[in-house]
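The same subunit A turns up in both complexes below, where it pairs with subunit B and then with subunit C.
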Partner chain A sequence: MRDEALHPVAWTAWLVAAALPPLTTRNPLYLTLTLLVAGINFSVLGQGNATARGWASLVRFGATLWLLTIPFTMLTNHHGDIVLFTLPESWPVIGGPITLESLLYGLTGGLAIIGLLLIFSAFNLAVDQARLLRMAPAFAYQAGVVTAIAVAFVPQMASSWQDIREAQQVRGHRFHGLRDLLPLIMPLLVTALERAMQLAESMEARGFGGVTVAVSPRDRTITQTMLLAGLAGLGIGLGAIGFLPQQRALGVALTAAGVLLLMIGFWQQGRTVHRTTYRRWVWGRRDRMVLAIGVTSALIWLATWLMRGEWLFYYPYPPYSPWPTFHTVLGFAILMLAIPALLVQQQRQEVGALDPS
Partner chain B sequence: MIRLERVTYAYPDQSPPTLAGFSATIEPGEFVLVVGPSGSGKSTFLRSLNGLVPHFYGGSWAGRAEVFGRDPLELAPRGMADLVGFVFQDPEAQFVVDTVEDELVFAMENFGITQGTMRKRLEEVLDQMAIAHLRSRRIGTLSGGEKQRVAIASVLALQPEVLVLDEPTSQLDPQAAEEVLVALRHLNEDLGLTIVLSEHRLERVLQYADRVLYIPGSGEQALLGDPRTIAAQLPWAPPLVELGKRMGWDPLPLTIKEGRVRVRELAGRRMGPALETGPIAETGPLSPPLIAARNVHYGYGSRPALQGVSLEVRPGEFVALMGRNGSGKSTLLRQMVGLLMPAEGQVTVAGRPTRDTPLGDIIRTVGYVPQDPAALLFNDTVAAELAFTRRGHGLPPAAEADARLLARLGLEDVADRDPRDLSVGQRQRVALASILVADPQVILLDEPTRGLDYEQKRALVALLTELTGEGRAVVMATHDVELVAAGADRVVLLAEGQVVVDGPAREVMSDSQVFASQINKLFRDPRYLVVDDVAVAVEP
Partner chain C sequence: MVLLLVAASLGGASVSAQSGMNRAAIIARFADGQNLVKCVQFSEASISGEELLRRTGWTIVIDADTDQGAAICKVNETGCEVDDCFCRCRGGSQCEYWSYWHWIGDEWEYSDWGATDYDVTDGALEGWSWGPGNWVTGTEPPAFTFEQICNANTTQQPAGNTPEPRQDLPPSGDFESEELTVARGACTVLDWVIFDAEQVTLDGAPVDAQDRLEVCPTETRRYVLVATNAIGQLTRELTITVSGDAPPASPPQGAPTTAPPPQPPQQQPTLPPVNPEGAGPSPILPPPNAEFTPAPGPILDAPPQAVEVTATPIIRPAVTDTPPAFVLTLTAFPTPVLVARAQSDTAGDERPSPTPILVALAGGAASAEQVAARPAAAQTAFDPALLPGYGVFLLMMAGLLGAAAWVWQRGRAR
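Up next, the complex of A and B:
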């Protein structure tokens, strides 16, 4: 199943491109379009994938929350010119005009979050997280392995939790209050700790940590300075974007410089750990296409955000118009993100044609 | 060559050293079996070979160790990983990543081996351990035997000189254990790999070993010698050796093949009538069943676990539930105590269907001891564990009765100790005590012998037999053939969620290749299952 998957880096580009609209605009037209595109990818990738149900239930959970917040927003926020109906003013909080604007506001708020959930779920269906973590560059390798272990720990914890709960149940343990948590938590902690110790021992015995290369103190100082400067650039740059909208170009430049410095610093640091990777991903035609699509879409979106920020602006309440604007080029940038789903479908058919089983 | 000289080691905060003045020399290419009671220092010795002791555990170390020219003390486990491959007891707990191929290259990646070499070695170890068909599987979907073979392959990838294994088969069913041992033997004989292996169930490994290292523990001197010599000196031994010792056979037989030669000689002598397989349980058919499962179906998601199981358990019965891992043993036990409800069919406990009975009522009749005592025990003292169960059952506190129960289980001295500080065998008994305190009529045990040595197993069987003598029923899921031969009077064999055989232990066990006890394999006669059967028959 995984062998027909596209390159994780290509999907990462897709993830970034698809996440940009929900992160930068509240315009319901773009958000709906993004939701649609994410949904197409999700349903194609979810075919025959056992974990799809779990992700689907997560999205459903998000959608339910969203639907619940809409009436709440409508009933409590009475701004706006287009009145749908009016509740008696004497009713506390909810009394007053119920407006189309607040309905739209409620709708758009949730759309972005649902969109992100769906995009993230689709990405997880497309990419094996453990492998993605292990593709991490050398400097992040240890962090990657630790995260991979933590991810693998969750299902193990869930199964010991089940065992412990059963064991205590048949001793007549009933759950009445917080104090009754102890018989469940204590064994869980002890087993988790024991397991962690065993794993640590096993990793130690297999030479984890690799062979490190000695570094001169001067090189180390340079690397650390670079990391610090990079972090500072990143922080100031992001701050400028957030708080000084008129200086956006400067902020972006600073952020970019910071990221660049960080990357160089980390790369330098990674060179001190001598290790190799086994897996070599092959870039096929489809992988390159997905990458190109992701990068193009992200660039269009970023350029618009930097130079034509007003195109993305949307706020339903007066003095602004509740009717969203629409620019074809942006619609195009979102729609092209549906193409990977078609590629995956096409690839499956080819694999299926080769191998009838 | 591996050489330990006058090694004395104590774990942190422990006064008597685990190894005291310990010396041993192992030649290259040897297959050495390490035996000894629980807690005697077997694991400590094994861990000293790659520096996990003292580097990972701390503690105080004196003496010299040398493994193929390297000093584990100086190099630490990292520096020894490409020389000493270490395989742990629990197949679950030693995997780092989640697919077989990634797991196999993990150690090589850490050592910065080039991609080309990695590819070559990966293919080699896949073939050596015969796991090529598993390469793209997820670790979680493998069986226990497959997991253990993957674990061995993953340390072999670094091409070590020595393979050290700490009870690698103790959590496997007999077939899976056999797979692993056969693979080890192949590595030892065809590749000349030095193998140091610790194991409780000697009957499985004794025949493969070139030499046996016996660590008696409690400060006594360790013995290293050829299997026959050491086996004769062990205070406990596999049934075949035990029989050989009692009959005065010399040289001692170590394999069934060798034993059968002796049996043919015996055939000349007149064997007595032995035990007549009389009525198994006189009370059996008369009394109503305590637990009755009728046509029970159950599945996890789309995977069926039980498919039409019917089983009745009556007072005084000692039932052994056997079968491969995943054959439905644990699921059936959970059904019997009402933790799971049948999807189809029904289970009744004391005549009441579990579906309509609250769990609180079921557990008055049925006690369930889970596989891992750690899931159960959480209090600061053993006595508090018992008191907790009493409260859970709504029983009044009864310190005196608790003390009597503990005394009966040989736990009177540890009543005020923390259960987590006790030995494996003691912890198992504390778990049993904390179930028995509610006075259940049926006791269900899931794999109670994991990590127990011969002595502890013998004690467990004696205790369970005593309980059935009081009219209680015992149902025990286990892989341990010798344990079943020694205690159970009925065997239920499960496969693919169905009951394949259900009958008296004597009949089932002598009619099987896999589930026959050693003595039975020797005589091929349902009258002889354990050493005592033969002894009774031979003595005039």
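Up next, the complex of A and C:
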């Protein structure tokens, strides 16, 4: 366990706040700031973290894809007024004017995706999977464990791929073609299987899947019926809202009833799972600061999105302007998300000063 | 001979792009049943349906980022914003969007292609329609023919398909000019289409409900078209600005290349000018560069914005394409000089209409939805009001880069 890690709830607030800009706007200025903020957090959290390399390669992969899509957008999308140069019209698909607007559009679309990748990578570096799992509500406990294992699979694979490759390189293995992949893939498969077996055994040993509270068959049937009815109400209600605009009240009522039934059913189901925790979560000064920063930033952004939606609107093609707008308030909302990185850095120094080893 | 010279002066502005000039007609049908039509000229062998729509000069909002190519979200003020292009299609079997149609044979066919992928060739008639529909069909645009839109200088109204004149609406229609700014001594063609009117006058003289008139103003002046019926009156005004510095060497009359040649004065003018006594400047002279001035008279149900003036350059037909026009000069009235182009029989049917004309059909009055404050077309120019925001952005970037450098340095120190 990393002792310096901040509280997962605080980091979740940061995650929500940081993910809002890339999800709600295409404005390149806000996206650039978000990217930089996420990058700073990522580099701080990645210091001395074994999985950081795996995440960094994922981000690099995303960046490569982004750079590849920009020329694709430019060559296939011939809208816009500011023509950079023109390809002969006779060339299929790519012929025609190549515009600055399509370049901007390709750039902004990729910026949002890279930003999201970096944000989620930083979050994963900051928060331990096991700690995250403890935040899952009781009814979702088993599903949460499965999800956590699945989520951890890709970075684990990536890091063991790196290990195996280095080990084989030390042994003099040279990669020339597809056939040379075999000495890399075989150990990877074996390691993955071994890890899965180990995990299953350790979960069994800790009593995973065991039910501590006896439930009568009647109670279980009631809970399951409630869940089914809730899901049906939710589905029919959402369908009614979408397809029968004149029956809006009915649709909303059905949706609300479905959500209510689902919540009661889940709560009932959650009562059957009892869990105890060994480690206590500590709320420190820094945890509170990170939480406050995340909540403030997210609130500013959400309020803007709901009340001043046009501030976030950006679309380079005519008749709109290719020049993005910039509002200082929103800039600060993004800027303050860099503070957690500085706090973590400061905390590391204090820990280092106490323990010089 | 003299007439040929005049024609040369008319077509002289754009002699280059003459041969192989193609035309296509386009209709946009709006929610209230009102239509915009336009004849678009293009020099290419074919252009895409989307390009045709762009060249109309209407305000078009296109979502360029769909998988099927571009989707038309909005024409003028009808439709959806680009971030939600099919905002009236929220599931269900019926929805409203801009559907795309081709006039094939004798009827409208719902397009199987996207506008980006469809090639429009010479003589095509294309339709766009906002109305209830689904993904297989939509609301058909009104029946029209290519000739009705592109040969509108045949003085008959589009016959058959246009609704009967209605007595319950004030007159509607449009009045436009090929060019709003002309060099001194050069000419331009006014053209207008008015519906449901009992009487139409141009500067006080009765004219047909749909016609064209060549004018060669020697100074900036205003043309007023008034249409009346039992219900009300429609006033449309057009100001032709004469750029003073244009051909400095040529006097207002006499120079054969730019000015219309003198004609025997006994020819009666078909249109007397408004201010026959006016040797001086017109009393209603608008400020320079003003394209429109609001009509001072009572306007019923037709805001002045409804007059659409295309900003696209208009290519005029070649010298040889134009049959000699009958030109008369009014020497009796020194200014302004009106030159009426006679609608001779030979000219009427064969001469291609060089003007993209705009017709508001179907008797509807201009709806508020359509004419209300249009956004300015493509604002590609930088707005200086953005500068402070950009300054703050650069400061923030600098701060963040400083923080990144600090973090990096500390990380190395560890």
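Going forward, the second predicted complex is superposed on the first by the 232 of 357 C-alpha atoms of A that agree within 3 Å, B and C clash if a C-alpha of one lies under 4 Å from a C-alpha of the other, contacts with A are read in each partner's own complex, and residues count from 1 in each chain.
The definition used in the following text is that contacts are C-beta pairs under 8 Å (C-beta built on N, C-alpha and C of every residue); 3 or more make two chains touch, one makes a residue touch a chain.
What you are looking at is a predicted structure, and each value in this text was computed from that prediction instead of being measured.
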{"item": "Touching partner for A:219 - first (subunit B), second (subunit C), both, neither", "value": "neither"}
{"item": "First (subunit B), second (subunit C), both or neither touched by A:180", "value": "neither"}
{"item": "Partner chain(s) touched by A:350 [first = subunit B, second = subunit C, both, neither]", "value": "neither"}
{"item": "Partner chain(s) touched by A:206 [first = subunit B, second = subunit C, both, neither]", "value": "first"}
{"item": "Partner chain in contact with A:79 - subunit B first, subunit C second, else both or neither", "value": "second"}
{"item": "Footprint overlap on subunit A, where subunit B in one structure and subunit C in the other make contact", "value": "none"}
{"item": "Subunit C-touching residues of subunit A, taken from the complex the two chains share", "value": "29, 32-33, 36-37, 39-40, 43-44, 47-48, 77, 79, 81-82, 89, 102, 105, 242-245, 313, 315, 317-323, 325-328, 331-332, 335, 338, 341-342, 345, 348-349, 352"}
{"item": "Subunit B partner contacts - residues on subunit A that touch it in the complex", "value": "2-3, 130-131, 134, 145, 148-149, 152, 155-156, 160, 163-164, 166-174, 182-183, 186-187, 190-191, 194-195, 198-211, 274-280"}
{"item": "Residue numbers on subunit B that touch subunit A, as the complex places them", "value": "50, 52, 55-56, 77-78, 81-82, 84, 86, 88, 90, 92-99, 101-102, 105-115, 118-119, 122, 136, 140, 154-155, 158, 334, 337, 339, 359-360, 363, 366-368, 370-372, 374-378, 388-389, 391-394, 420, 434-435, 438"}
{"item": "Complex interface listing, subunit C residues touching subunit A", "value": "44, 59-62, 64-65, 70, 82-83, 90-92, 375-380, 382-383, 386, 389-390, 392-393, 396-397, 399-401, 403-404, 406-408, 410-411, 414"}
